[in-house]
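There are two complexes below, and they share chain A, which is joined by chain B in the first and by chain C in the second.
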Partner chain A sequence: MSAEQHAPSATEYIQHHLINLSSPQTTGGAYNFWTFHLDTFWVALILGFVFVALFGLVARRVSVDKPTKFQLFIELIVELVDNHVKEIFHGKSKLIAPLALTVFVWIVLMNAMDFLPVDLLPLLGQKVGLHYLRVVPTADINQGLAMSLSVIILSILLGIQAKGAGGFIKEFFTAPFHAEGMGMKIVLMPVNAAMQCIEYGSRGLSLALRLVGNMFAGELVFMLIALLPWWGQLIPGSAWAIFHILIVVLQAYIFMMLTIVYCSLAVEEH
Partner chain B sequence: MEHVALIANVQQFTVLAIGLMIGLAGVGAAIGVALVGAKFLEGAARQPESAAALQPKLFVIAGLVDAIFIITVAVALMFAFGNPLLGMVK
Partner chain C sequence: MQPNASLFGQALVFAILVLFTWKFIWPPLIAALEERAKRIADGLSAADKAKNDLELVEKRIAEELRKAKTQAAEIIAQAEKRAAQIVDEAKDEGRAAGEREKAAAQAEIEQQAHHAREELRQQVSLLAIAGAEKILRKEIDSSRHADLLASLKSEL
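Take a look at the complex of A and B:
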């Protein structure tokens, strides 16, 4: 990638951009379980702190008489999330609204890393000795699966909290198929358990894949545009960036909505 | 020589597979989004007062339908630029 080497071919360029800065560093292909993606972790962590700092600052300097425009903007986001939570979630939990807000803003921030020029941060990283860098944490399947797993585990815990451990286990073996007699109940137990496992698994997988697939494809299209000659980049680049603004916000919104829906499904009685 | 022919064979089928993946997923997503949009317009025309309530739901469902297409494109592009099947030939 540096200037003194030969110019990379299109495939080499893209393959280079798809390798995470990881510990121990791999160059694609050979992964082992303990490969840790440093870039995903640090970018996500920094953006999480950006979110907390921004919202904390506004909350601390909140003013009723003279709200700044930024305060109004933050209030707009908080109210949007709060309204959705009130609409969908009927249980009693003080956790859901902050969780939904965090999920939404954090994912928007992480997705928005796509709007930085694809080569900007990798080139800067090259200057300080980081040879691989992927700046969009949500384009990494590990980040998506980590978030969706957290949501699924949280929804299970909320279910246990709402119905008690006994009620949760009873539902695990008696829903979705109900039966009358004792014999049929026992016959249906493994079927129900399998169905519930499939349900939780497919929820988590589809939640993660939807976000990661969108971001990964968006990132790849930006890379393909970056391969065009310089005079041909402006129009497709700006067109895709404008379309991508919609996708970035929409995917974060969908992730937030589904988080609320899964949590409310967990606490509802059947 | 046989090895080269084997790689070419894999690449040839991968190209076909990529075309099928993107094409079929595109057809499906297009039909799906079109149905969602048509029903939304129908509903909005019948009850204009509910259009504002339906619009965010329209975007959510369009996003859900679109996601399958986008995931397919991502997998197809992965096959195009870093074909894992080629590793099996060696």
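Take a look at the complex of A and C:
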């Protein structure tokens, strides 16, 4: 680690902050698909446990008559998600609402890691021998893509469940462009198939990139602010953090809404 | 910013979280919410029902009160009528009794007057006869004129 020899330049500082703790550790050199981001994995897992623990505890001790304030807070979130799902999703699946809840809370928690001082965990990590650490899992494209692809695959499965395999394949080749004659139908088949692939692909990609891009940019701004002299950090740091509260919740909300929308689009007839 | 094998790890964590939420977190929470919503709805409908019941009861009370009032008024009217009747009867009776007594008294008076007149007549006739006797003693023989005297006595 170069910091021990000399103070890092701004570029070095930022580059260093953008390297994941991975296995095997790469430092931004040659691309190797079989690297595994340990920091993303563990932070996401721990925050997942936090979510499951908080909600699971409330769910276990749920009281209809005498809810605690914390239960009411949890219920507020659950009700928000449930209302959106009821409004948008008209299929039979009972999985969508829990899925949307998980997506929302988990992403909020992961995004909220941005609020920790940008150097806090990496410095602590250095003390225990972790030379690289990125603390915001949602600023890692893997986290966003993993979720968005899961959602897209799930929406395809829901479509197959709702329309049957035959119905789904038929739609794959006959929508979005409809034709009357047999000949035209055959002509449009590859076009439709291509359109459907693009549709699913772009859904997955845009869903992931929107979230990751926002969080990555947010993290980057925090790093830039951290590069300012100490007396100049307070005001821009506070301002960006306050603004970031909005982004954190908004991005999670958008991801949740789009998850519901994509699932409902999949089960609806074209 | 290239995707790598982390994808699978993150997808796995995501899947586990979703499954856990689906199985263990969502059902009790939503059940509690629905139960509470149901209770609130039940409570509201019960309150509505109670309000309606109260209105009905109030209406019935008013009705009963009205009935009772009219009944009371009827009873009072009847009682007044009866009282007036009793008074009238008593008056009539009193008047009749008075009249009867008056009649009896009158009859007695008349009888006594009659009696007195009769007595007076007798005495007057006796006196007349005595007077006549005194006058006639000098010139009329009482035995000769007895017939005449008797007829005189009856005429008086």
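Keep in mind that, in the parts below, the second predicted complex is superposed on the first by the 266 of 270 C-alpha atoms of A that agree within 3 Å, B and C clash if a C-alpha of one lies under 4 Å from a C-alpha of the other, contacts with A are read in each partner's own complex, and residues count from 1 in each chain.
Just so we're on the same page, a contact is a pair of C-beta atoms (placed from the backbone, for glycine too) under 8 Å apart; a residue touches a chain by one contact, two chains touch by 3 or more.
Computed from a predicted model, the values in this text were never measured in an experiment.
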> Fit or clash for chain B plus chain C once both are placed on chain A?
Replying inline: fit
> So, does A:L227 touch the first partner chain B, the second partner chain C, both, or neither?
Replying inline: neither
> After lining up the shared chain so the two structures overlap, which partner does A:I88 touch, if you call chain B first and chain C second: first, second, both or neither?
Replying inline: neither
> More residues of chain A are touched by which partner: chain B or chain C?
Replying inline: C
>> Between chain B and chain C, whom does A:A112 touch in the aligned arrangement: first, second, both, or neither?
In response: neither
> Does the superposition put A:Q251 against chain B (first), chain C (second), both, or neither?
Replying inline: first
>> Between chain B and chain C, what opening angle does the Cα centre of chain A see in the overlaid model, nearest 10 degrees?
In response: 110
> When the two structures are overlaid on chain A, which partner does A:I74 contact: first (chain B), second (chain C), both, or neither?
Replying inline: second
>> So in the superposed three-chain picture, is A:A217 touching just chain B, just chain C, both, or none of them (first/second/both/neither)?
In response: first
>> Contact-wise, after the overlay, does A:L130 reach chain B, chain C, both or neither (first, second, both, neither)?
In response: neither
> Just chain B (first), just chain C (second), both, or neither: which does A:L157 touch?
Replying inline: neither
> Just chain B (first), just chain C (second), both, or neither: which does A:L45 touch?
Replying inline: second
> In whole Å, what is the nearest CA distance you get between chain B and chain C after the fit?
Replying inline: 9
> Same chain A residues contacting chain B and chain C, which ones?
Replying inline: 216
>> Can you tell me which positions in chain C touch chain A when the two form their complex?
In response: 1-11, 13-18, 20-22, 24-33, 35-36, 39
>> Show me the residue ranges of chain B that touch chain A in the complex, using the header's touch definition.
In response: 59-60, 63-64, 67, 70-71, 73-75, 77, 81-82, 87
> Quick one: in the complex, what on chain A touches chain B?
Replying inline: 11, 14-15, 18, 28-29, 209-210, 212-214, 216-217, 220, 247, 250-251, 253-254, 257
> Within the complex, which stretch of chain A touches chain C?
Replying inline: 20, 22, 31-37, 40-41, 44-45, 48, 51-52, 55-56, 58-60, 62-64, 67, 74-75, 78-79, 82, 94-95, 97-99, 101-102, 106, 137, 140-143, 145-147, 149-150, 216
